[in-house]
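Paired with subunit B in one complex and with subunit C in the other, subunit A is shared by the two complexes that follow.
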Partner chain A sequence: MRAASTFFWRRPYWYLALLLVPPLLWFGTVYLGSLIALLAQSFYRIDDFTAQIVREPTLATYGQLVTQPANVDIVVRTVTMAIAVTITCALIALPIATYMARYATGRMKALFYVGVMLPMWTSYLVKVYAWRLLLAKEGIIAWFVGKLGLTGLLDALLATPAVGGPSLSSSYIGMFLVFVYMWLPFMILPMAAALERVPGSLLQASADLGARPAQTFRNVVLPLAIPGIAAGSVFTFSLTLGDYIIPSVVGAPGYFIGMMVYVQQGTAGNIPLAAAFSVVPIVLIFVYLSIAKRFGAFDAL
Partner chain B sequence: MPSDRRYRGDRPSWLVRGGAFAGLAFMHIPVLVIILYAFTTEDRTYQFPPPGLTLRWFEAAFARADIWQSLTLSLGVAACATVVAMILGTLAAFALARSSFRGKDALTVMFVLPIALPGIVTGIALLAAMKLGRIDPSFFTIVAGHATFCLVIVYNNVVARLRRLPSNWVEASMDLGADGSQTLRYVLLPQVATAFLAGGMLAFALSFDEIIVTIFTAGNQRTLPIWFFNELFRPRDRPITNVVAVIVIAVTLLPIVLAYYLTRPDDEHETAH
Partner chain C sequence: MTAAIEFRGVSRIYGEVRAVDDVSFAIEPGEFFAMLGPSGSGKTSCLRLVAGFDTPDHGQVLLDGADVSAVPPYDRNVNTVFQDYALFPHMTVLQNVAYGPRVRGVALAEREQRAREMLELVQLGAQGGRRPSQLSGGQRQRVALARALINHPKVLLLDEPLGALDLKLREEMQIELKSLQKKLGITFVYVTHDQGEALSMADRVAVFNRGRIEQLAAPRDLYLSPATAFVARFVGSSNVATAALATKLGFDAQAFAVRAENIMVHGESASAPADHACAPGAVVAVQFHGAASRWQIQLDAGEVWSALVPEDEAHGLNGLNVGARVKLCWPRAAAVPLTEPAASA
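Then we have the complex of A and B:
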């Protein structure tokens, strides 16, 4: 035993290799292997007449993806939603994260951390289901709005072209609400972690130099919170881009990238197109990650 | 003294305070609503407020064989995926926490990819691989998919703990004559144990509840989330669905709360410094 440990202490690379081989084998075969298979499939095409997959490298499937206006619409719609959700999550998360990181102490702080963690880890499907009940035509939101006597306002909101619809549960507004709700904790936690790390001495220095609290917040706290916001936005952006359950349970009939992948691989049986569609979020995420990296997102993860 | 208060910044503006509490409420109301609906006497509509409360639907749900089947499948998958993830994730964390070698950054990025990329990418990639390799969906394909992202959770938990551990502890242990395995047993493992367990708990909860990847790897097997998903589109038994929702919440939250308590003493210890 001792001889073995001396052996590995002298040869750290052997030790590393011993540790790394099992997880790398797993990751290499199951995950990277699958990603490569996915890429390979995206370069195949489906024969229009026989509906069989033709296993020859071709760009035809990607061509179909970028030239058909309907497909381009799907990408634009999904990205727009992801950006809107990310910005809204950041705005709602800011006061919560600020309060829990900088003002709350003791029990209140624990309450906030648990209060953010619990809904984040509550079953994804149950939350989607809950929102369907909330948004339904005779659901709780409609009931509550009615009690407040604001039904007219809700109807006006739903009458908005493009984002409105017959009810909250069948409009983009409803879908947007659900997305914001689902990913909000993923924004709050990294943001709060970044704000926790802002040294108190900086705030004192800022005040000593004559800054008002709002100025301190804007010029000292916010720039230091940017890595946290960037880290959180990676989650909100990525999660919105790939989701296919929320757009199919709540919202207007327009397709999203995730739904397209799901439908193409399932009922349509067109794995190449599904694969090509799923490469879109991968590319977008890598672009987004490289931007987020500049804002220090990886240090705040 | 106003200037004093100003620089300590210990008074949140009403905007921050109001926003914080409103946000917290927003995050909890939907879940509370579901729990309430599991007890409603109304079985056709989502009438609010519920006309009455009953425990009848719990009894009905527990009598259903399909729910028990889905529940045992989900628990089995979660247990297997968690074990695989705990072993592989911890190995990877020990390898990558302190070392530096060429290509380490690439490996670190690779180990967070399954949670950085949308779940559907993992799902469709596994499906594409299964189609190319002519592998039929089975219990093991579900476990393989789950273990991949569960591994990341365990890795993150353990690696974070290892990085916080002062590096001179290991050196001190060696200087005092301990060999590598003794250092591992008496210094590293006791420190990492809670992070390891917490990672396992989170992995279990994540796997139990997973739907996005599972749909692609499950074939026609029905885990509890898949059962639930089908009910979302073809609602047959609304009251039963509500009860299953409460069961799912309970099964996932229990390990989460345990994980929180497992990692908390360490945080207190840290803030004390």
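Then we have the complex of A and C:
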């Protein structure tokens, strides 16, 4: 035992290899291997007559994805929702994260962190179905709005073309509310972590040099919080792009990317098209990150 | 002349702790003023009150004769060099230095010109395009200095600015800071726990202890005639005799201090020189410091005193080892009477 310890102490690379090889093998085969296998499928196509997968490299499936208006609609609808959800989450999260990281102390801080994480500890399905009831035409939200005498306002909102519907639970507005509720913690936590790392002396230095609080926020706090916002937005964006349960339980009948992947690889048996659809979020996140990098979002890292 | 900074009965209380306890003093324009004390003595709290990061619970803080107790930091003509430098990591060195003029609405070309001049002043003209993380500690320190000076403050506050630097660099920066202050003619308030730093640079030093100023005097006076036991120990690393100890040693019941370099170590049987007072004890430790050795002696009357023995006088003490019986003697004139009960330290 002692000899083995000495052996590894004197050879740190062996030690590192021993530590890393098993998880890397697991990570390489199970995560990346299966992802690559999936992506490879998107370069096959399905034979329309036999419904068999033709295992020859082709871009036909991608052609189908980008030329068929129904498929393009799905991508546009999903991306629009993801952008709206991400921006809304960022706007709600910033003040909360700022308070948690910069002002709250002791018990209050613990309370906030637990409060933000608590909803994540319960079943996702329960929450989605609960929201369907909350948002239903006879649900508690409609009832409360009625009590406030604002039913007219809700009806006007639901009459909005494209995003409206017969009730909140069967409209894109309702779906949007559920998405924002579900992913908000994924925005707050990285943002708070980024703000926690900003030393208080930087804010004092900014004020000392003549910056008013709004200037300090814009010039110091926000740039240093941006890596956290970027991390949080990658979560909210990709979670919305890939989710298939929320769009099938709450909201209008239009398909989303996640639902399409589910349907194509399940009932329709069109694995290549499902694979091509699942490539879309990956490409979009890469595009998003490279734009963010170009704008200097990660310079403070 | 109106004082650059004046404290009138200022207190700052955190819960049970009186971080600053009824402090009053005035700093003259153009003065190099040091606040010296151990950590938790209230010196940094006073600095924060001047900068405006904190407001007093009682009393007034005046800048240039005007009460600024309720004025926020961005409206005070005071700038700070922070202990951790507090450079903005997402900006270049030039942008860091240009930040003050930037938030005051100075146009890009002008503020960058001014920032370059400031960088020249601190001998970092070539480093403007780099990030703070690419600089050494000493260079960061200079950037922080340039950034704080670009707004032409009337008062520059320095919070342990050299604490993170190594000894050689620290000594160089001490000389540079002093000459910079002379050149610019602005008031420097320098917070430090290093008595050598305070004594070598400052025109006057305020010694802080437990939220109060124990003594405010020029470095030489502080060193030669400490008013309290705390100052005697902290500034001069003197040996202090409380009134009780003085009585035990056979003197009047009056607390006094003797600096280590005034104490001579003699063999137990040696007779006391004229005009000297002596006390018997035993050697606890001898530390070699180059030009002199520090002898720690346990007095028979209690307390451990130290004597600084120059190398050229040390030969007579050969053979005296730890545990040896000795006699400490000092010229009676070198004993500085302390005005406060020494027990307070």
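Note that the second predicted complex is superposed on the first by the 287 of 301 C-alpha atoms of A that agree within 3 Å, B and C clash if a C-alpha of one lies under 4 Å from a C-alpha of the other, contacts with A are read in each partner's own complex, and residues count from 1 in each chain.
The working rule: a contact is a pair of C-beta atoms (placed from the backbone, for glycine too) under 8 Å apart; a residue touches a chain by one contact, two chains touch by 3 or more.
Quantities reported herein were computed from a predicted structural model and do not represent experimental measurements.
> Name the chain, either subunit B or subunit C, that contacts more residues of subunit A.
More residues of subunit A are touched by B.
> Quick one: classify A:Q204 as touching subunit B (first), subunit C (second), both or neither.
In the superposition, A:Q204 touches subunit B and subunit C alike.
> Touch check for A:G254: first (subunit B), second (subunit C), both, or neither?
After superposing on A, A:G254 lies clear of both subunit B and subunit C.
> Once chain A of both complexes is superposed, is A:R212 in touch with subunit B (first), subunit C (second), both, or neither?
A:R212 sits against subunit B and subunit C alike.
> Tell me the contact category for A:V30 with respect to subunit B and subunit C: first, second, both or neither.
first
> Considering each complex separately, which residues of subunit A are in contact with subunit B in the first and with subunit C in the second?
In the superposed arrangement, which is not itself an observed complex, subunit A uses residues 204, 206-208, 212 for both subunit B and subunit C.
> Under the stated contact criterion, what part of subunit A meets subunit C in this complex?
Touching subunit C: residues 199, 201-202, 204-212, 215, 219-220, 223-224, 299-300 of subunit A.
> Can you check the complex and tell me which residues of subunit C touch subunit A?
Touch list, subunit C to subunit A: 51-53, 72-74, 78-80, 82-84, 86-90, 99-100, 102-104, 147-148, 151.
> Which subunit A residues qualify as touching subunit B in the complex?
Of all residues in subunit A, those touching subunit B are 1-2, 4-6, 8-9, 12-13, 16, 19-20, 22-24, 26-27, 30-35, 37-38, 40-41, 92-96, 98-100, 102-104, 112, 114-119, 121-134, 136, 138-140, 143, 181, 184-185, 188, 203-204, 206-208, 212-213, 216, 234, 238-239, 241-245, 248-249, 258, 261-262, 265, 271, 274-275, 278, 281-282, 285, 289, 301.
> Hey, which residues of subunit B end up touching subunit A in the complex?
3, 6-13, 15-20, 23-24, 26-31, 33-34, 37, 45-48, 84, 87-89, 91-92, 94-96, 99, 101, 107, 110-114, 116-122, 124-129, 131-133, 144-145, 147-148, 151, 155, 174, 179-181, 202, 205, 209, 211-212, 215-216, 225, 228-229, 232-233, 241, 245, 248-249, 252-253, 256, 260
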